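Supplied in structure tokens, the structure appears directly below.
Note that the chains are named A, B, C, D, E and F in the order they appear, and that numbering of residues resets to 1 at the start of each chain.
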Amino acid sequence: MKIGIVVSEGPYTHQAADTAYHFVKSALAKGHEVPRVFFYHDGVNVSTRLSVPPQDERHIQKNWTALAGEHGIDLVVCIAAAQRRGLLDQNEAERQGKDANNIAEGFRISGLGQLIEMGIQTDRLVTFGD
Amino acid sequence: MKIGIVVSEGPYTHQAADTAYHFVKSALAKGHEVPRVFFYHDGVNVSTRLSVPPQDERHIQKNWTALAGEHGIDLVVCIAAAQRRGLLDQNEAERQGKDANNIAEGFRISGLGQLIEMGIQTDRLVTFGD
Amino acid sequence: MSEVKKFLYVNRKAPYGTIYALESLEVVLIGAAFDQDVSLAFLDDGVFQLTRNQNTETIGVKNFSPTFRALGDYDVTKLYVERESLAERGLSESDLQEITYEDEDDDWAEKPSIRIVSRAEMADIMADQDVVLSF
Amino acid sequence: MSEVKKFLYVNRKAPYGTIYALESLEVVLIGAAFDQDVSLAFLDDGVFQLTRNQNTETIGVKNFSPTFRALGDYDVTKLYVERESLAERGLSESDLQEITYEDEDDDWAEKPSIRIVSRAEMADIMADQDVVLSF
Amino acid sequence: MSTLHTVNKSPFTNGSLLSCLKHCRPGDAILLIEDGVYGALKGSTVADAVCENLADVRLFLLGGDVRARGIEDEKILSQARTVEYDGYVDLVVEHDRTQSWL
Amino acid sequence: MSTLHTVNKSPFTNGSLLSCLKHCRPGDAILLIEDGVYGALKGSTVADAVCENLADVRLFLLGGDVRARGIEDEKILSQARTVEYDGYVDLVVEHDRTQSWL
């Protein structure tokens, strides 16, 4: 079965990004497809590559990047939500005249249409948020 | 009177950073001192200079930077909370081997001791959070 | 994409204190381009999103409540509001802004988009969806 | 800084679902170096922070509950827990981990740090502070 | 010695206001801000619980938040007084400490 | 046609669980995750309200979240069944839709 995922809260602050990660791993292990994870609201903060959690803590962004790389998951960060919150890729940074960007490998910035499309093209949609 | 301020939630997502801003402006207008604002939890996200809110929305980071510049307010971003969430200044970025930094002018990264010190040295402490 | 799915946007949070209400509306506007069967549910504190006369001047936050009145132009015409949620908050339908659409199947007659439903009806509406997005 | 102020850390949120409990504890540990008069209040869902036998292995989040047992070494010895909050959650004192400190004024006798108080007593404790930090 | 309590959450979703009310002492004040202003709605399911606990406690509302949410004056409990941001500052100064019920 | 409802908030702080219970239909299931697992505590102030609404609805708990919070088996309502992340996936698949009560 195809399962679409929405992550609505930021890393560490809420458990949502962790629960979503464990859920997706289990879904893949059971043979389901997870074509896309859509990061919305504060969920866009998961995509920063500048996070430096303590050594004895999980690294939420790296976990997602690794899982997506292994299984070909499309990690989409909502552009409107990301702009407000200061998450930019190189293109966006140039377009907005910003001197830095902070999106990690494996994540891409795109529009809300990708969320609707995911809802249309998957069999189930599961939201992790607050 | 000396009033210390804690901001515990990120910009746009929660109203806390807005309410704190209006409160501080009013306190200063009434002749009180606001020596320091301490950004903790998701509040550290207020300090990113990469935020690009829509044209018809307030720019929360720029509002704080301007207010602090005008009135000499010490805007302190908690280092532990900032590291988890991917907020770094140039020094921190170099120390952590990161290729970018994102802290805006007027904010500085420091330790939790600055929060306690603020509690000791001010007459009132007001927390804005969720 | 020829398949039409039933999408329900569930709004359970108040406006302005948090951004969920605004960002939910942004999804609805984008989603309207996909020609799906769209409904909006307002229950619990979500009913506060639709109150009349919101004025955000003092708090310096953008007032997005007029956008609800534009939803008809995007063919989003089913805004279900739970009666019990209103009553628990001391509100009634007259406290909500009027939102209408022009019904192309009825000679463009102007009709109300807000439909007050009971909690049991809301449960039935929720159970009739393909995709539920929660805000 | 010779002035000693009364600091109260108010914990009203459950652990792990959100980070507030952990980041509150980080403040307490740093704050201990400042030689102030420190108390911790646990009420509402904050009482869940102190339950025994927390095991976070499956959820992959760091278990910080053992840190509470180290607070005595930092001279943080007053952990007030509200009895009504426990009872409302079906809990009693025996569901909480044991946290002790060695009382230097009493020949280093080991004493309990957790003090179960009534809601009225908790209100009095809150009203007796110079600085209240809320998490 | 008195406390200013602030509550910023809707009482229909979150227990902070009721918990705050149970921990107030005579002479304290409660200021409802942000989504907390819904706690002063007349005729709601929490209105009685709020009023019962206001005997020795003053209730304030932040005006900007009330107007943002479209709450008309006649919908507000008669016990509540509206202040603006400068009144908020005065309340903080007048009380010995501020406790935020987050 | 049935729904899996997930609740991730403590019922002592937040109204999501009670609202969810009032919107369930026969054959639906509720899965308590994250801080939501406190909703299955025996002898709490919400336990009766939870049980009363479970006639035709199954109640599940996410085991990892229960253990993280130190909730012993004997503290949990007998109506609740514990599943792990793979059981969570099965529940999502078995029901026609998933509704998150955020």
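Here is the rule we go by: contacts are C-beta pairs under 8 Å (C-beta built on N, C-alpha and C of every residue); 3 or more make two chains touch, one makes a residue touch a chain.
Computed from a predicted structure; not experimentally measured.
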Minimum number of chain-to-chain contact steps, chain A to chain B: 1
Touching both chain E and chain F (chains): C, D
Distance between the centres, which are taken as Cα means, of chain D and chain B, whole angstrom: 27
Centre-to-centre distance between chain D and chain C (centres being mean Cα positions), rounded to whole Å: 43
Centre distance in Å when chain B and chain C are each reduced to the mean of their C-alpha atoms: 35
Between chain E and chain B, distance of the C-alpha-averaged centres to the nearest whole Å: 26
Of all residues in chain D, the ones touching two or more other chains: 12-13, 16-20, 44, 58-59, 61, 130-132, 134
Set of chain F residues in contact with two or more other chains: 8-9, 12-13, 15, 34-35, 64, 84-85, 97-98, 100, 102
For chain B, residues contacting two or more additional chains: 12-13, 15, 19, 22, 41, 54, 57, 125, 127, 129-130
Which chain pairs touch, all of them: A-B, A-C, A-D, A-F, B-C, B-D, B-E, C-E, C-F, D-E, D-F, E-F
Footprint of chain E on chain F - complex, ascending: 12-15
Of chain D, residues touching chain A in the complex: 16-19, 58-62
Touch list for chain C against partner chain A, complex: 1, 3, 5, 7, 19-20, 23, 26-27, 30-31, 33-34, 36, 131-134
Contact set on chain A toward chain C in their complex: 6, 40-41, 80-81, 111-113, 115-117, 119-121, 125, 127, 129
Chain F partner contacts - residues on chain C that touch it in the complex: 10, 12, 20, 43-44, 119, 122-124, 126-127, 129-132, 134-135
